[in-house]
Amino acid sequence: MELNYQTPVVLIIMGSDSDLTIMSEAAESLKSLNIPFKITVASAHRTPQRIQELIEEAEDTDMHVIISGAGAAAHLAGAVAAHTTLPVIGVPLDASPLSGFDALLSTVQMPAGIPVATMAIGKAGAKNAAIFAAQILAIKYPSIREQLKTVKSQMTESVIEKAKKVESLYTIV
Amino acid sequence: MELNYQTPVVLIIMGSDSDLTIMSEAAESLKSLNIPFKITVASAHRTPQRIQELIEEAEDTDMHVIISGAGAAAHLAGAVAAHTTLPVIGVPLDASPLSGFDALLSTVQMPAGIPVATMAIGKAGAKNAAIFAAQILAIKYPSIREQLKTVKSQMTESVIEKAKKVESLYTIV
Amino acid sequence: MELNYQTPVVLIIMGSDSDLTIMSEAAESLKSLNIPFKITVASAHRTPQRIQELIEEAEDTDMHVIISGAGAAAHLAGAVAAHTTLPVIGVPLDASPLSGFDALLSTVQMPAGIPVATMAIGKAGAKNAAIFAAQILAIKYPSIREQLKTVKSQMTESVIEKAKKVESLYTIV
Amino acid sequence: MELNYQTPVVLIIMGSDSDLTIMSEAAESLKSLNIPFKITVASAHRTPQRIQELIEEAEDTDMHVIISGAGAAAHLAGAVAAHTTLPVIGVPLDASPLSGFDALLSTVQMPAGIPVATMAIGKAGAKNAAIFAAQILAIKYPSIREQLKTVKSQMTESVIEKAKKVESLYTIV
Amino acid sequence: MELNYQTPVVLIIMGSDSDLTIMSEAAESLKSLNIPFKITVASAHRTPQRIQELIEEAEDTDMHVIISGAGAAAHLAGAVAAHTTLPVIGVPLDASPLSGFDALLSTVQMPAGIPVATMAIGKAGAKNAAIFAAQILAIKYPSIREQLKTVKSQMTESVIEKAKKVESLYTIV
Amino acid sequence: MELNYQTPVVLIIMGSDSDLTIMSEAAESLKSLNIPFKITVASAHRTPQRIQELIEEAEDTDMHVIISGAGAAAHLAGAVAAHTTLPVIGVPLDASPLSGFDALLSTVQMPAGIPVATMAIGKAGAKNAAIFAAQILAIKYPSIREQLKTVKSQMTESVIEKAKKVESLYTIV
Amino acid sequence: MELNYQTPVVLIIMGSDSDLTIMSEAAESLKSLNIPFKITVASAHRTPQRIQELIEEAEDTDMHVIISGAGAAAHLAGAVAAHTTLPVIGVPLDASPLSGFDALLSTVQMPAGIPVATMAIGKAGAKNAAIFAAQILAIKYPSIREQLKTVKSQMTESVIEKAKKVESLYTIV
Amino acid sequence: MELNYQTPVVLIIMGSDSDLTIMSEAAESLKSLNIPFKITVASAHRTPQRIQELIEEAEDTDMHVIISGAGAAAHLAGAVAAHTTLPVIGVPLDASPLSGFDALLSTVQMPAGIPVATMAIGKAGAKNAAIFAAQILAIKYPSIREQLKTVKSQMTESVIEKAKKVESLYTIV
């Protein structure tokens, strides 16, 4: 099956526009994988109604995955998951004095029945949310699997290249 | 102004019926203060719609305070607070391997604009939620203030009584 | 019932004048809601006597709510709550190497009988303390409820506006 | 597209056979959703080779999702994710004196490029891993989406039923 | 200078009579050192007035050291230290789901100016509070120093004795 | 009894000369109280022998209290306490990525028999170590008690002065 | 080079005889590898002198590795490492209300210059201390390397065997 | 036995080239001890194959010790230990918002059978990894033991020198 590059298949929601500096990692990663997405802001606490509307829109337009990034008592991913059976990926953000530790526990410790696929705190997690969304989509769209394999090989090569540079710094005389 | 003892003024919501062993502390404390309440179950994640309905009912029937008890990624109090301007009191419960630590952070670390008045983890918190609700109601119903003062005096006396027993255990010969 | 705008109804106490940078959030929020308040400094450990005097004054002048902000082994809110049946709201401050974690546990883990309504660590908590105080006062003064509803709507609109900006950053070509 | 009920599409790996008491939650949930799976034991540290073999087998037989449960320094999910572009779901287990806290951080804090979709610690997480796997599969097999919606409705109904029981315990006379 | 064995020189205060199972360690240790003490109950939150009275009595009767044991948001030692310049020793107790971690931070993180000498959580801490009180008293009463040296030697001997038993369990054949 | 102002009665040991920026708080506080002290560096791990020598010197020259400040796996205070029955005060320092949390637990969680009087992490703790030393010495030297009472009054006055400044910032018009 | 099976090459020290239930794991593992060892009790705080004597004995009798197990403020391994350049392996034990978390930080966070090779908390750590000691000895005694390879193969086989049992529990009909 | 100074006996692997700022401490320490080493980059997750190759090379060229430094969900040391019976030393790095706490638990909490000798978080740990490697090698190469004793003496002297400077800052007039 072929991906339609005109219609978003991933919805990225962040709890506040100040989260964009981190969540843009997810957007850029999806872009580099040619996966069409919509990115927006919605707060579990300030706009509960809007969350429901966004999910209805996502389901009606046949989106496949939702990525949610939030900090502090990060309820966003859970609030999204409460309203849908689409896979929801949560990114805990470091946005309070507790270094994202509060966001991690608020995102991951979901009760039985309502999973949220939690990623690492911060930038690594935002990027991985995009890659994990792609891994999910690859189940339906085999061409994404090929892209992911290419990205994985490039990562491997990049490490090996860096390894050579580090190795050259210390030599036994 | 006089309290109408036929209509509930406090709504207690717990995330699961298994939370009743702890949250009954709140119910019993309200009962002993003669404050009429409704107690029920609703889950932020399993029944998001029901939460909205309960809040609408609470506002329509002129309830004054909402107490919410939940464990793990305890979003319940926050989800309630998102839909109302009534004061919401949150009780974090010890219902996962993390000893209620996850519930505490999920309940207390609310973003600016949507407060949740967080109590201690577990039984002490459940009881204090009821007393704090009474302290709020006392602003409108002065007779509750008198009751609270009586309870406070009794606590003081009870400590003094226990002190005497402990003092008598060790005497200098 | 109408609020008298000449007499303070909320007392804000902070443990040290260095806490003002954070606790001014509470003051400014009450100000913008037209809720008269008194703000001062008192330390649970350095001025225990003063705390009792402030509470007596608060009770004598018919104040309704006390907000307390403190860091480290933050006993202030608890020390206040020990002397009154007025509702006490505690704001844990990030004022030691432990990122406010010590202040959070010292404020929230109150024993049964003496509740402190604990808010988030730092600025979000200071602001929410003011809003929660307003939610309590709204039980007696209905006009405050209307103000709170307006503030809540504005928050919602503000999120939607920001959402549009973020949405416009990434468009599918 | 129709699911072939004779071939496993989900692989469940646990780090030790003692993890079965928890990970059987994942197995039972998949079973009740009629999703064929293979369940086995492999250790990131004791059998690194076996992990590669299991992944090769999974990819060759066209499995779609891998669930991994492990405790302590829980490297299993990460070690699996290192070898595949299939979506990997990690379940941290409470199997050391640190209450699963070590397993949570070891599972979730993956570096950019290699995501692991982390669930809650313990039983809730094991069950949610199965549901999340189903949510992923539903992208390809629409009938699973219908099943998930049914399960979600049943959860809602079950909460409402329990709510009624709790409500009946306390009545205003 | 000689210790008067008829008048208490140490005051032990615990926050609740349920703390006696732990705090009796302090009492028994003082008893075995022949140091006269008074033991009683007083709560920072339930009986703030009583704390002041106990301290006044302690100062008037020329007591030298105060030991205070409390759990959860353990303000007791700090509340005592706020009212006196006598040395105050705090014992954090494991009396909430957070394993005494809350009591430790509430006791030790005192602000500049008001020290509390904090001991380990639980029984070890209660015993050490007594020994530390004796070490303080030994500055004035040299005979206590001799006793402490004897106790220290006995501890050393006891370890060596146990060492021999353990050594004998494993022998090289 | 009168204090001899020519002979040190307090020994301050820090684990590294880099700790001086914090531990100078203890030195300055003792200085302002006119309590003679010796300050030096010794490491539990790098100079175990030196610790024994310093303690012998302290005991031989009739010092009364030892203050020890160290970071990370802060064994210094415990190592000192192992060799003496003089009261040992420990100051945990924030000298590793773990914010002094490691130093706190390493200092306070001493086994039964060997107490270390632990202060707050960092500057507040260093200052309080000096005040606590003075409180101990005051048992023998009554003039120090008078000084401590004066310092305590000054603290109270200073808070009241600051309170007035803060109060004047917000006035009801 | 051949190992002399009559002379201990590993010294196991535990902080208290009550630690034997855990530390016997280390002893039994060394025994099963035919590595001669001495096991004894010594406390960093109760018997500092004894630690020095044990290390001198260990160095004089040409022992190669020291294993140290202790709980709470676990200074034992660090105290041992302070006196020797032999490799010291530390096992943090779960012996306080803080679940071994205090012992872990006290053991691992050693300052630059004095390493302690820290193992996992509790039984797994005690066993691994023995295996790690064997890995060190294998550098000198090649026959131990062979034994370790055999043990490693047996572990692999044991996992595969258990995997088969688990696999047989769930079969697709 | 004499060390061959032309062939590396220690292999240092770090998870990312950005770890070099910390791990160079290990390299420089080995260099100053004249211990030949190879330093390179390999990621447990991005280059699992490379890890096996590096270990094979290390075993084939008769290296004796492997040092591994990694941050976040730091699986590197464990992944290395899974493939070899050579002693593996793990250095947890502070490379995520959680201050290296995640790396510490991921490195140290290894299951029974596969030890990783864990050092302190960050620079102290990196340096100690080198010293511990030297302590291991000293079992085979006695000249390294002499060097280690010299380094240890120098540390002691350096502390004493610093002590003198600090002592001179505060003198009793």
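To keep things simple, chains are lettered A, B, C, D, E, F, G and H as they appear, and every chain counts its residues starting from 1.
Convention: contacts are C-beta pairs under 8 Å (C-beta built on N, C-alpha and C of every residue); 3 or more make two chains touch, one makes a residue touch a chain.
Owing to the predicted nature of the structure, the values given are computational and were not obtained by experimental measurement.
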item: Where chain A and chain D overlap in contact partners, by chain label; value: B, H
item: Geometric centre distance via CA averages, chain D-chain C, whole Å; value: 42
item: Computed distance of Cα centres, chain H from chain A, in Å; value: 35
item: Multi-chain contact residues (two or more partners), chain C; value: 16, 43, 46, 72-73, 96, 98-99, 101, 108-111, 113-114, 120-121, 124, 155
item: Every chain pair in contact, whichever chains are involved; value: A-B, A-C, A-D, A-H, B-C, B-D, B-E, C-E, C-F, D-G, D-H, E-F, E-G, F-G, F-H, G-H
item: Chain F - residues contacting chain H, complex; value: 5-8, 14, 16-17, 20, 27, 31, 36-43, 46-47, 49-50, 72-73, 96-99
item: Chain F partner contacts - residues on chain E that touch it in the complex; value: 64-65, 85-87, 89, 104, 108-115, 117-121, 123-124, 127-129, 131-132, 135-140, 145, 148-149, 151-152, 155
item: Touching residues on chain H, where the partner in the complex is chain D; value: 15-16, 43-46, 48, 52, 72-73, 75, 78-79, 81-83, 96, 98, 101-102, 105-111, 113-114
item: Chain C - residues contacting chain A, complex; value: 94, 99-101, 120-122, 124, 155-156, 158-160, 162-163, 165-167, 169-170, 172
